[in-house]
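This report refers to the structure that appears directly beneath it.
Labels A, B, C and D are assigned to the chains in the order they are written; within every chain, residues are numbered from 1.
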Amino acid sequence: MAEVIWGLATSHVPSIGAAMDRGKTEDPTWKDLFDGYAPARAWLAEHEPDVAIVIYNDHANGIDLDIIPTFGIGTADRYQVADEGFGQRPVPDVIGDPELSLHLLEHLVDEGFDLTVFQELEVDHGLTVPLSVWTPDPGDAWPCPVVPILVNVIQYPQPTAARCYALGQALGRAIAGYPKDATVGILGTGGMSHQLAGARAGYINPEFDTMWMETIQTDPARLAALSREELIRQAGSEGIELIMWLIMRGAMNDQVAKIHSHYFVPASNTAAGVALFDNRVSQPA
Amino acid sequence: MAEVIWGLATSHVPSIGAAMDRGKTEDPTWKDLFDGYAPARAWLAEHEPDVAIVIYNDHANGIDLDIIPTFGIGTADRYQVADEGFGQRPVPDVIGDPELSLHLLEHLVDEGFDLTVFQELEVDHGLTVPLSVWTPDPGDAWPCPVVPILVNVIQYPQPTAARCYALGQALGRAIAGYPKDATVGILGTGGMSHQLAGARAGYINPEFDTMWMETIQTDPARLAALSREELIRQAGSEGIELIMWLIMRGAMNDQVAKIHSHYFVPASNTAAGVALFDNRVSQPA
Amino acid sequence: MNPETPAGRFDLPGTPVFDGQTSRRGLRMNKMFMSLRTAQNRERFLADQSGYCEEFGLTPEQQRAVLDRDWQAMIDLGGSIFYVYKLAMMDGLSMQYLGGVFTGMTEQEFQAAMRAGGRRDG
Amino acid sequence: MNPETPAGRFDLPGTPVFDGQTSRRGLRMNKMFMSLRTAQNRERFLADQSGYCEEFGLTPEQQRAVLDRDWQAMIDLGGSIFYVYKLAMMDGLSMQYLGGVFTGMTEQEFQAAMRAGGRRDG
């Protein structure tokens, strides 16, 4: 069977990738953010999984608005890095794991999750920035193959937080039921509070973000009870993408140990958060 | 509130449309099929709904294999008739009802159905042949606007029969919760038994089809318990599309009255079935 | 591959199941078939069949199956019958013709079997 | 339309909600923005902006908003910020610049507000 060994929650703001690609990580506006990643990166370097599952959303790069899937899963053996309009990021293409993808797909569809299959997919900063947060210098290849899971967080009605948490729990069962032995890292991406348009653009809610960062570890079901309206009100119209952290968390054990977390404002217009959880801790009887 | 007034289950074999488009309905090989439609058509002409919901699958015309949604819903105000490779069928384009589509979408996503939204969609014989079965001479326009609901029946894993039935039940609740008064006709399309490829091509199972035709009225939950493997074994690799009848049936009342049904072999390589149910009958207390 | 013992999801004799691995195998070929819906692409295909296949990235085996109109091989190599049918339609061939090919009959024999109520298991 | 009282799903002051009707309204325009990811399309757009807009079927109001770089109007007319941003990027403008536009500040002021910890409600 496969086993989730860690979960990494992280913002996927494009400017984080751009700062890395342009060597600005020591720049005073960025240094604290990247210093905050260091302990997570050090731990992750010691805990390399066989495969990673990245839960993210596309931002007008891999999919258009003519077809908007609530949940998608990639089944390709390779995902090209998208050109978002200013050239591809100078990072490796993403190698897939179709066998695991198809196992997860079958299990999840059998459990009543109505996934959309992507046999071809270009991946944007929503997926590659989290990989860079994890692995700043991938060289020719990311540490392991990746299964992308896509979530509609852009167009109302987004899946509810409860549905995301339930998908995560089913994903955990699907991983546990994989016939091959494999260690799995799981990345929940997006957030934290931010809003890009409207008179409330620039909105940041550190109280909400702090609550979310704590509660995602201790009581995710409480976060899963939040409505879309409440999420948009409290986290901003784009901050609702925090629901993707719940998919990651749902796939993990009831008890997880926090290895490290860090919070930083602003990454561009966004509150950037990172939280790394160890899934291999003893569970209460 | 909106109310489902009838449900029409029908095969959507392209040659049925072609026979109509080419004036061959009196041809000896086709006459019995079209004679069998007559009583349903007469009743339907007296029971015109304000809007129709058509549950169907695409066949390499409106969507490709790079993106395969388990369930989709159209939200456009117009759906062009696809050119499937031999010119468009000489039938009107399909007018949508975006307001109802978006209501259904929101309700269904809230209930945990992970629909894919189609803002643009060309509709193929899977949708237009059932409209022709209902309305042989539409003139310039079909009788009413249409909301298309798409189902992946082509690529394994298809949604389970149970999931389709559950979607139908949620669809019924969503229709009942529509704030506007409207009468709704619902079409479940596809089937009956058939297999197009492999050494078992040409397979027809009249015993299974007869059972299905009866049980879809009296005990749909029993059909919803069938596995994919059982459906493919009994109804053929393409006959599995009968699961779409369960979405229609799920949206209807527990008790429905059969107005008419007819069974005919072969429409091309397929067992063609039609069954019309009145949804406005008194329900047991 | 023998169509009596298809590789795939279930062991249903004579029944190809178009599953995820099959679809992955056939993706480029199926996309090519789908492109044949437009007259312009049909003309381009007919003018240079192997060039057109290469443009879509078919494997050599898939390209040979297409050029030879080896319908069974197209299915075995990942073709979906709904997509393969686009090529057959372009050639003026019917689904009954294909049914005959898959079952070792002429089109007329296959049609007659259908008119007699269709084929049965076993 | 006044951004303080957006039409939309909830009544959240100053918060546009990109819902189904908004997306339907903006579809042609958003598809046009997405097309600007490639250098070739950016060149074609810059060579004939109104022709390019017409090709994508924008409404006259949308076309005017695009030609005038009226970012607020693009949002009001159905633009998704992620799509609108493609046009801004082409113009060399940042998300902070857009944030300034939406909030009546200069880019520098908006950036300063973000560096001070971001903006708050009320």
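Here is the rule we use: contacts are C-beta pairs under 8 Å (C-beta built on N, C-alpha and C of every residue); 3 or more make two chains touch, one makes a residue touch a chain.
The chain list, named the UniProt way, goes like this: A, B = Protocatechuate 4,5-dioxygenase beta subunit; C, D = Protocatechuate 4,5-dioxygenase alpha subunit.
Computed from a predicted model, the values in this text were never measured in an experiment.
Across the two interfaces under comparison, B-C and B-D, the one joined by more C-beta contacts turns out to be B-C. Chain A and chain D have Cα centroids lying 26 Å from one another. Spacing of chain A relative to chain C, judged by their CA centroids, is 40 angstrom. Shown for chain D are the residues that touch two or more other chains, namely 19-20, 23, 27. In chain A, the residues that touch at least two other chains are 65-66, 68, 105-106, 117, 119-120, 155-157. Here, these are the chain pairs in contact: A-B, A-C, A-D, B-C, B-D.
Residues 19-21, 23-24, 27 of chain C are the ones touching chain A in the complex. Against chain A, the residues of chain B that register as touching in their complex are 63, 65-72, 105-106, 109-110, 112-120, 155-160, 162-163, 166. Within the complex formed with chain D, the chain A residues making contact are 29, 59-61, 64-66, 68, 82-86, 154-157, 193-206, 229, 232-233, 236-238, 265-266, 268-269, 271. Interface residues of chain A, counted against chain C in their complex, comprise 75-77, 98, 101-102, 105-106, 117, 119-120. The part of chain C that touches chain B in the complex is made up of residues 3-4, 6, 9-10, 12-20, 23, 27, 30-31, 33-34, 36-38, 42, 75, 80-86, 89-90, 94-96, 98-99, 102-103, 110, 113-115, 117-121.
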